[in-house]
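For reference, the structures are reproduced in the following blocks.
Common to both upcoming complexes is chain A, partnered first by chain B, then by chain C.
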Partner chain A sequence: MDLLIYAILSVKNDSEKLNVLLAEMKGVAGADLAAVAFESTSVVVSNIQRADLAADRNTAIEYAAVIETLSQHFALLPVRFGSVMESKEAIISMLEKNHPDIQKNLINVENKYEFGIRIFCQPEILRAELRAKSEAMYKNLLPPATETKNSATWDWVNKKLREHRLEELLIAHVDSVITDITEQLDRLNAISKIKKMVTPTTIIDGVFLIDKVLKDELIHIAGDLQNKYHGLNFILTGPWPPYSFVDFTVK
Partner chain B sequence: MSENKILFNSGSFDGLSEEIGKLTNSEDSKLRLTPDNADSGLAKLVLTLVELIRKLVEKQAMRRVDGGTLTDEEVERLGETLMKLEQKMEELKKHFNLTDRDLNINLGPLGDLM
Partner chain C sequence: MYDNVIDQSKDITILELLDRVLNKGVILKGDIVISVADVDLVYLGVKLMLSSVETMEQLKSGNAILPINPGK
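On to the complex of A and B.
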C-alpha cells in the first residue's frame, strides 16, 4: 500500500485542529486521510494502491476538493495530482531534505489565495481595429514595383510587412493591458504571473496571489478594467489554493 | 468545489465554455506517434520544427526591413528567398497532407507553439 499525497501544510501548533478536520473529510475513493508530521509542517495523505489511482475527471475533482478544504484552514502547498510515496519514512525524509524551500514557499502563500484572470478577444474585430490604426500610422510602405524590380517579390514583402506591423501593434496593445492590470494589482501587493498571446483568442492568461480579505476589491478592479476595454472579455476566477505559486523542485 | 469560482465574467457562459475548450481540447494539434503512423507523425514533427524556424527567420527579417537599414537590393533578395521558402513549405505540407493547424502544436498550459 502506497501513500497518495495531497498537500504540504504549515500546521505550527494546530496539529489537533488538523486531526479534527481530517477526521471529518474523505480522500480519493472515500479513503481516510492522515497527516505525516515533520517539525511545523504536515503532509496530508491517504492510502492507495498505485495501480488503482485513476487519472480521470472524478478522481481529480475529489483530489482538488481535499486541497480546497484544507486551504481554507491552513497555509499549504498543493502537490501535483497523482504524487505517491511508498512510506511515511520516505515522506519525512523528503520533508527533511526540502525543509528550507518548503518553509520559504509556505511563508509566501500564508493568508493568501490564488486568483486567475483570463482575457479573451474576438481576434477578427481586434485585428480590424488595429489594422486601421496600422494603415494610418504607416501610409508609406516599401517602394512600389518598377520595371527593374520583381513585382511579385515586392508585393510579398509588402504583405508580410503589413502583417508584421499589425502583429507588433497587437503585442503593444496586449502589453499595455498587462501594464494596466499589474499596476492595479500592485496596489493590492499581489504577486503575479502573466502569460500573453496563449492562443489567438486568449490574449492574457494570468494568476496572482493576494491576501484573502481583498477578494471584493479584486472583483471591483476587474469591473473597472472591463469598462475601460470594451472589446475584451475579462474573466476572474478564484479563490484557489496556490497551485501556481509552488516554486521549488523536490530534492 | 464548495463555491462558485467565477467571480467576474463579462461574456456569456457558453462563450467561456467554448474558449476553455479551445485551451484544453486541442486534439488536432497534439503529436500522436504510434507504430501505425510513425512516418506521418515524424513528418509532422520535423515540419513543425522547420516551420517554427522559418517563421522566426521571417519575423527577424521583417524587423530589419521595417528598421529601414537594408538597401532595396537587399530587401528584394531577402524577400525572394523567404517567398521561395514559404512556397516550398506549402508544397511539403500538401505532400504530407498537413495544415497550418497541424503544425501549431498545443503546449498545454504554455499555449500554442506559434
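On to the complex of A and C.
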C-alpha cells in the first residue's frame, strides 16, 4: 500500500484543527485522509494501490476537491495529481530535506489566492481593425521611383511590408493590454506570470497571486478592463489554491 | 441564454481546474503514476478540451461567456 499525496500544509500549532478537518473529509475513491507531520508542516495523504489509481477526470476532480477544502483553512502547496510515496518515513525524509524551500514557499502563498486570466480575441476581427489602422498610417507610402506600380517585385515587397506592420501592430496592441493589466494588478501588489500570444486566439494567458481580502477589488478591475476592451473576451477564473506559484524542486 | 452561459462557464472552470491539478503544483520526481506507455492520457485529454474551448471562443461574439461583470 502506497500513500497518495495531496498537499503540503503550514499547520503551525493547529494540528488538532487539521485532524478534525481530515476526519470530516474523504480522499480519492472514498479513502480516509491522514496527516504526516514534520515540525510545523504536514503532508495530507491517503492510502492507495498504485494499480488502482484511475487516470480519469473524476478522480482528478476528487483530488482537487481535497486540496480546495484544505486551502480554505491552511496555507498550502498543492502537489501534482498522481504523486505517490511508499511510506510515511519517505515523506518525513522529503519534508526534512526540503524544509527551507517549503517554508519559504508557504510564506509566499499565505493568505493569498491564485487567479487565472485568459484573454481571447477573434483574430479576423482584430486583424481587420489593425489592418485598417496600419493602412491609414502608411497610406502615403509610395513605391520607389525605379519601380512601377504594377511590378511584381513591388507587389511582393508591399505585401510583406503590410504583413510585417500588421504583426508589429498586433504585438504592440497585446503589449499595451499587458501593460494596462499589470499596472492595474500592481495596485493590488499582485505577483503575476503572464504569457502572451499563446495561440492565435489566446492573446494573454496569465496567473496571479493576491491577498485574499483583495478578491472583490480584483473582480471589479477585471470587469473594468473587459468594458474597456470590447473586442477582447476576458475570462477570469479563481480563486484557486496556489498551484502556479510553487517555486522549488523537491530534492 | 443565461443557462447556456452558466454551463459554458462551468466547463471552463473544470478545464482550468484540471489544467492546474495535472500540470502544476509540487512535483515529487519519479512518483507520478498517471501514464500509460509514456503517454499522459488525462493531460492529453485536457489539452484537447482546452483547444475545443478556444474554438468555441472564436465562434462566439462579444462578452457572452464572461463571468466577470461586477455590479451587473
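Simple rule for what comes next: the second predicted complex is superposed on the first by the 232 of 251 C-alpha atoms of A that agree within 3 Å, B and C clash if a C-alpha of one lies under 4 Å from a C-alpha of the other, contacts with A are read in each partner's own complex, and residues count from 1 in each chain.
The rule is simple: a contact is a pair of C-beta atoms (placed from the backbone, for glycine too) under 8 Å apart; a residue touches a chain by one contact, two chains touch by 3 or more.
From a predicted model like this one, the values you see are computed outputs, not experimental measurements.
Peer 1: Based on the superposed arrangement, let me know which partner A:78 touches: chain B (first), chain C (second), both, or neither?
Peer 2: In the superposed model, A:78 contacts chain C only, not chain B.
Peer 1: Please work out whether A:97 is in contact with chain B alone, chain C alone, both, or neither, and reply first, second, both or neither.
Peer 2: neither
Peer 1: For A:69, is the partner it touches chain B (first), chain C (second), both, or none of the two (neither)?
Peer 2: first
Peer 1: Of the partners chain B and chain C, which touch A:237 in the superposed model: first, second, both, neither?
Peer 2: both
Peer 1: Taking the superposition on A as described, I'd like to know which of chain B and chain C A:202 touches: first, second, both or neither.
Peer 2: Both partners, chain B and chain C.
Peer 1: First (chain B), second (chain C), both or neither: which does A:152 touch?
Peer 2: In the superposition, A:152 contacts chain B only.
Peer 1: So, does A:123 touch the first partner chain B, the second partner chain C, both, or neither?
Peer 2: A:123: touches chain C, not chain B.
Peer 1: First (chain B), second (chain C), both or neither: which does A:17 touch?
Peer 2: In the superposition, A:17 contacts neither chain B nor chain C.
Peer 1: Is A:226 touching anything from chain B or chain C once the two structures are fitted on A? First, second, both or neither.
Peer 2: both
Peer 1: For chain A, which residues lie in the overlap of the chain B contacts and the chain C contacts?
Peer 2: In the superposed arrangement, which is not itself an observed complex, chain A uses residues 61, 64, 120, 199, 201-202, 219, 222-223, 226, 233-237, 240 for both chain B and chain C.
Peer 1: What residues of chain C sit close enough to touch chain A in their complex?
Peer 2: 12-14, 16-18, 20-29, 31-36, 41-42, 45, 54, 57-58, 60-63, 65-72
Peer 1: Enumerate the contact residues on chain A facing chain C in the complex.
Peer 2: It comes out as residues 5, 8, 50, 53, 55-57, 60-61, 63-64, 67, 77-85, 94, 116, 120, 122-123, 199, 201-202, 216, 219-220, 222-223, 226, 230, 233-237, 240, 243-244, 246, 248-250.
Peer 1: Show which residues of chain B lie in contact with chain A when the two form their complex.
Peer 2: Residue list for chain B touching chain A: 1-2, 5-11, 15-16, 19, 22-23, 58-59, 62-63, 65-66, 72, 75-76, 78-80, 82-83, 110-112.
Peer 1: So in the complex, which bits of chain A are touching chain B?
Peer 2: Interface residues on chain A, with respect to chain B: 61, 64-65, 68-69, 115, 118, 120, 142-143, 149-150, 152-154, 156-157, 160-161, 163-165, 195, 197-199, 201-202, 205, 215, 218-219, 222-223, 226, 233-238, 240.
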